[in-house]
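Every chain is named by a letter (A, B, C and D) in the order it is written, and numbering of its residues begins at 1.
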Amino acid sequence: MTNTNLDRRQLLAGTAALAGMTLGVRPLAAQDGGDIVLGGSIPLTGVFAFAGVGIHAGIQDYLKILNDGGGIKGRKIKYVAEDTAYKVDASVAAFNKITSQEKVSLYYGDSTGFSKTINPELDRRGSMIMAGASFATELNDPKKFPLQFMAGPDYTEMFGILLRYIAKEKPGARVAFVYSDSEFGRDPIAPSEAVAKELKLSVVEKIVTPPGSVDVSTEVLKLRRANPDFTIFHGYVLAPIPEFVAQAKQMGMKSQFMGTFWTMDNSTVQRMGDSADGFMGVMPYRYYYDKDGSSPMLEKIRQMRPEYQSTGYLQGFVTAMLMAEAVKRTLDAGKELTGVNLKAGLNSIKDFDTGGLFGVPISIPGNSVPVGRIYRFDAKAKQMQPASDWIKL
Amino acid sequence: MDTLFLAEVTLAGLGAGALYALTGVAFVLIYKATRVVNLAIGEILMLGGYAFLGFAAGLGLSPWLALPLAIAAGGALGWLVERALIRPMLGESPISVFMVTIGLGSILAGVVQLGWGADPLRLPEFMPSTPVFIGEAYLAPKVAIGFVAAAVVIGLFLALFRFSRGGVALKATAADQGAAYSVGIDVPRVFSVAWILACATAAGAGVLIGAIGGISPTMGVFGLSVLVVVIIGGLDSIAGALVGGLLIGLVEALAGAFLGGEFKLVVTFALLLVLLMVRPYGLFGTHEIERL
Amino acid sequence: MTASPILEVSGVSLAFGGVRALNDVSFTVPEGAITAVIGPNGAGKTSLFNTISGFYRPQSGSIRFAGESLDGVRAPQRAARGLARTFQNIALFRGMTVLDNIKLGRHAHMRTGVLDALFYWGRAQKEELELRAEIEERIIDFLEIQHIRNASVGTLSYGLQKRVELARALAMRPRILMLDEPVAGMNREETEDMARFILDVKEEWGVTILMVEHDMGMVMDISDHVVVLNFGQVIASGTPREVQGNDAVVAAYLGSGDVGAIARRIKAEAA
Amino acid sequence: MRIGTLKTSYAADEALFDTPTQRLLLGLLALGAIAFPFVASPYWLFLACLCAINVASATGLNLLTGYTGLVSLGQAAFMSVGAYTVAVLEIRLGTPFFINLLVGAGLAAMIGILVGIPSLKVKGLYLAIATIAASVILHFLFAHWSLTGESRGLSMPPARLFGLTLDQPFSLYWLIMPVTCLMVLGAANLLRTRIGRAFIAIRDRDISAEVLGIPLLRYKLTSFAISSFYAGLAGGLWAYFFRVVTPESFPLVNSIFYLAAIIVGGMGTILGGILGAVFMTLVPELLKFVANWATPIYPDALAALAPVRTIVFGGLIVGFLIFEPRGLAEIWRRLRRFFHLWPFRT
């Protein structure tokens, strides 16, 4: 964060905050034709900080590219974010604060809880669309969440991609799900069981671990008894996956271990140490270092940031890009920037090239982008390598 | 197969229980000497893990040097905390002191997060990873090592209390601070030593636990399970911590294996409630006589 | 022995572990009189009070109060029936003002429920204001503590604290007032004031008084009836004059610091 | 300046606000509270509502811990009972909000009594741990019961009043603020009756209290019931405010927050509960402003915020306990006394 542009923006935010502190001052509403505002409840701290910091940078970088290139029809997108520490009430507070100071058209939310909490408020305001860090299955319902979307597959779709891959690799395989006892962890489990059945896979064990647990010895014993061919972890960032995998390997288990998006960052997988080799998982975007095929956007990112950028960064970047595209399409159609119009603009995206960030052209008919690819960790290269083609659901 | 599974689960439970017992002993030590319920024990344990990481990964020292250093750092922290926070609270209500330790826990968690970030981290591998088999039953090597280490330390403590002069001083202080003072026991020093020993033990336990499951600023919640252990065993009983630790470890493992992971915490706390109704001062705790 | 007994203690034994605090204690307290329980330190006087209050449950024996058995009656109900007491080491509530401490005494006779209290209208308010008026007019004026009514009890002198405790006991609408060392630690002037208050309570309020006291001068001056305890047993009882002449009593006090006091007293009586 | 008190009736002397200055200040405060929503931004309204909810819950805990001396680390769990009840009733039955709130609070009170039962045998910290146990069990129940939406929790429709939908900080303010004021007033009333005196007596010397005619168990349970009633009501308000209730909405750390609030504010004073809850709610927000201001000088300020917040939270607890154990209320009292006598200071 050495960018002077950035500092000025943050100074601006500070000044706005100062203004907000003086009671009685109604927020200064931006006039039409002024900046378009992307607000954000970002988990810069707390348990989700590892992703939040990347998301924050990704959004900033994409908007910098956009604004440096003249913005959208001459209008820039201004990013106003607040830290939430991954707490719902703090996220709501940030939302209220930002929307009381700015005329917000786009919003980034940090958790499933927040996305659900704020949804009625989004509908009531009708002035913005929202996306965020949650890929919860529940949110992938345009009827219940008409003004939200996610820049990737929902968790059930991620499982679907994994299971489809498994079914292809080893028909009739035995699969185990290991997930945390949280909303995040439980989200895709029930529907994915049904998907597994359709694909003629047998789910031999479902293991719930309490959130934040350290000792998983008993769970590993349980897993060994079930003896699955594939084990899918969900609802974790890192712990307790490494210990789980390490103990299982020591016991001589041959199961293939897999994860979903938020465990798939290169540095996260690397931190699994010896257990990392061969770890697989589903990922909707290309990795930072992916040089296969043409991806001009990744080139640009690599120019801006010579060092590795996390999956969270890519997620933030892509989300901002899709939001900007929705704005562009709405303005092109000569419509006002309302929530409904923006969502319509977003849903009009068809076979859209994200500059190679998604490996294939994408369409957003509903609330999600059900595309992904299986990657496998290569311990020698210390990188995730593609293990499958792009899978579209 | 099922008896084998049961045996394996039991072993795993006892292994985890030994670490509970070890931390529980640290807790009891402080309570016995100073009558302070130290809820920050989980965070001190966490700090031990981070100190180890700092010495081993940060400074690049050998793990076998980093381990004693981390334990010493824990002891130093104990000394500092006792001097700076606990001694000024002497004579205040136990609730106030209890809340001070809660505040301390929060400060420590924040400091660690400021220094190392919020992400979970892994400690450098320094334990052998060849699996241990007892009969046919598998036991994770780290858990086995944790068990042995905990057993040795607790054994040492028990011997220390029984046979050393310091142990007598501790017992006297525990029984009656005023009387101990008047017969020439340096009570403030007993306080200091108890805190140093306890925090050093907790830091060591932190390294063991960190080696098993990794470390994170939120691993202080381990202290909550330890609290259950010492309440069940009795706040002022080392033997109680031992029995309570193994019991809770076992119950958690069995609940996890046969009911599911989400039942672990709730089963132990339900057990705690039932026990409190029957034995309000734990299995081995001293019942205090009330006076008008 | 003028009136019928209001309190009858018969065959009460109390032990803590192996220690016998009270051993087959029996005596009666006549209504409308002042009865004193004396005895050397550790004789079981306070244990006796605590047993009568219902804090300890005796292993055997029974206590009857105003013709009814107190067996199985818990401490709060005993207080509600008119057993009021003060404590040896002052049990005032430091978190409350003098006035609130006194008001607390009336607790068992009030009817305010939670809902009344939350809204503080109707019954709750009426009851509080009546209590306030009564305490002001009958108790605070009587004990001459107007000047400290809003003080915090922690700031008061020992003598005043004892007086506030007495005030609180009076607010309990006592039928029998149990005073545990009412003048211990007081200087001569304070002692005389307290003795006067105790006599006034007996005469103006018609309340029976049962007290434990070490100050022999005061005991002999104001008591109508004295019970002597030693090693948890009643070794003598009767009028002050009868007790003073009792050999067992003198023997009991031998070896204790109080023997000088009692000897002086006996000499003075003789002179 | 104010000298002497001249009162002509006991009723005047027993009044909660017994001087003209106090009544004037209170009137001004009330006017300010009424005018506030019309001048403040939604953000400040949001914070005001949050403060009010926290004040309500902290006041309840203060009755239990500050006045009765029973430490509870279950306040957040009791709030969750109120919140879930309100959500379930709103979703399933659609009953009017005031009924939902009362039912939620009543249910919380009943569970409070249940949790309080060990309080006769179990004291001090053992009791605090028992309340943690109760929270764990309640959390487990809510996270695994289909009625409460399992780990997903419940999203609920907003409260409605005469066809109006209360879904904005502006409209909710008119629900939350009056309810909180009534609750605080109720607590203050309670404390000037025999029930309040019994609570303090139990806190200061429980055994003597019993001999003075106060049945311990009944009053300890009463205290638990009232305290959890307050928590349940606050939780219900919380539910209407956020309109989503999940098992993670009321973690143990929130219970610690309320305990910290009454410590920082001043245990055993009504004012302390209010000051503490407001202060502890606003401190993180203030830190956010500080971080925003510091960003130009220290770019990582925002990222360093959460650890700093955690440290400040702990530091406030420790600092107040060591240096100002009677809390903000005591500081306030000293300030007031200073100004009463001003300029003739002694």
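Convention: a residue touches a chain if its C-beta (ideal position, glycine included) is under 8 Å from a C-beta of that chain, and two chains touch if they have at least 3 such contacts.
Just so you know, these numbers come straight off a predicted model, no measurement behind them.
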item: Required steps from chain C to chain D (each step between touching chains, minimum); value: 1
item: Closest chain to the centre of mass proxy, which here is the mean CA position; value: D
item: Centroid comparison with chain B (C-alpha atoms), farthest chain; value: C
item: Chain centre separation in whole Å, for chain C relative to chain A (CA means); value: 75
item: Distance between the centres, which are taken as Cα means, of chain B and chain A, whole angstrom; value: 38
item: Chain centre separation in whole Å, for chain C relative to chain B (CA means); value: 50
item: Separation of mean Cα positions, chain D and chain A [Å, integer]; value: 37
item: Residues of chain A engaged with two or more neighbouring chains; value: 45-46, 49, 181
item: Sequence positions of chain C contacting 2 or more other chains; value: 55, 87, 91
item: Overlap residues in chain B, where contacts from two or more other chains coincide; value: 113, 118, 262, 265, 292
item: Chain D residues within the chain C interface of the complex; value: 10-11, 13-14, 186-187, 189-190, 192-198, 200-201, 203-205, 207-216, 222, 225-226, 268
item: Complex contacts: residues of chain B adjacent to chain A; value: 1, 5, 8-9, 12-13, 15-16, 19, 113, 117-122, 125, 129-131, 138, 140-141, 143, 209, 212-214, 216, 218-219, 221-222, 252-253, 256-257, 260-262, 264-265
item: Touching residues (chain side chain D, partner chain B) in the complex; value: 65, 71, 118, 121-126, 128-130, 132-134, 136-137, 140, 143-144, 207-208, 211, 252, 256, 259-260, 263, 304, 306-318, 321-322, 325
item: Chain A residues touching chain D - in the complex, by the definition given at the top; value: 1-2, 6-7, 10-11, 13-14, 17-18, 20-21, 23-27, 44-46, 49, 53, 82-83, 85, 88-90, 92-93, 96-97, 99-101, 113, 116-117, 119-121, 124, 138, 181-183, 185-186
item: Footprint of chain D on chain C - complex, ascending; value: 53-55, 74-76, 79-80, 85, 87, 91, 93-96, 100, 103-108, 110, 112, 114, 116-120, 124-125, 127-129, 132-133, 136, 168, 172
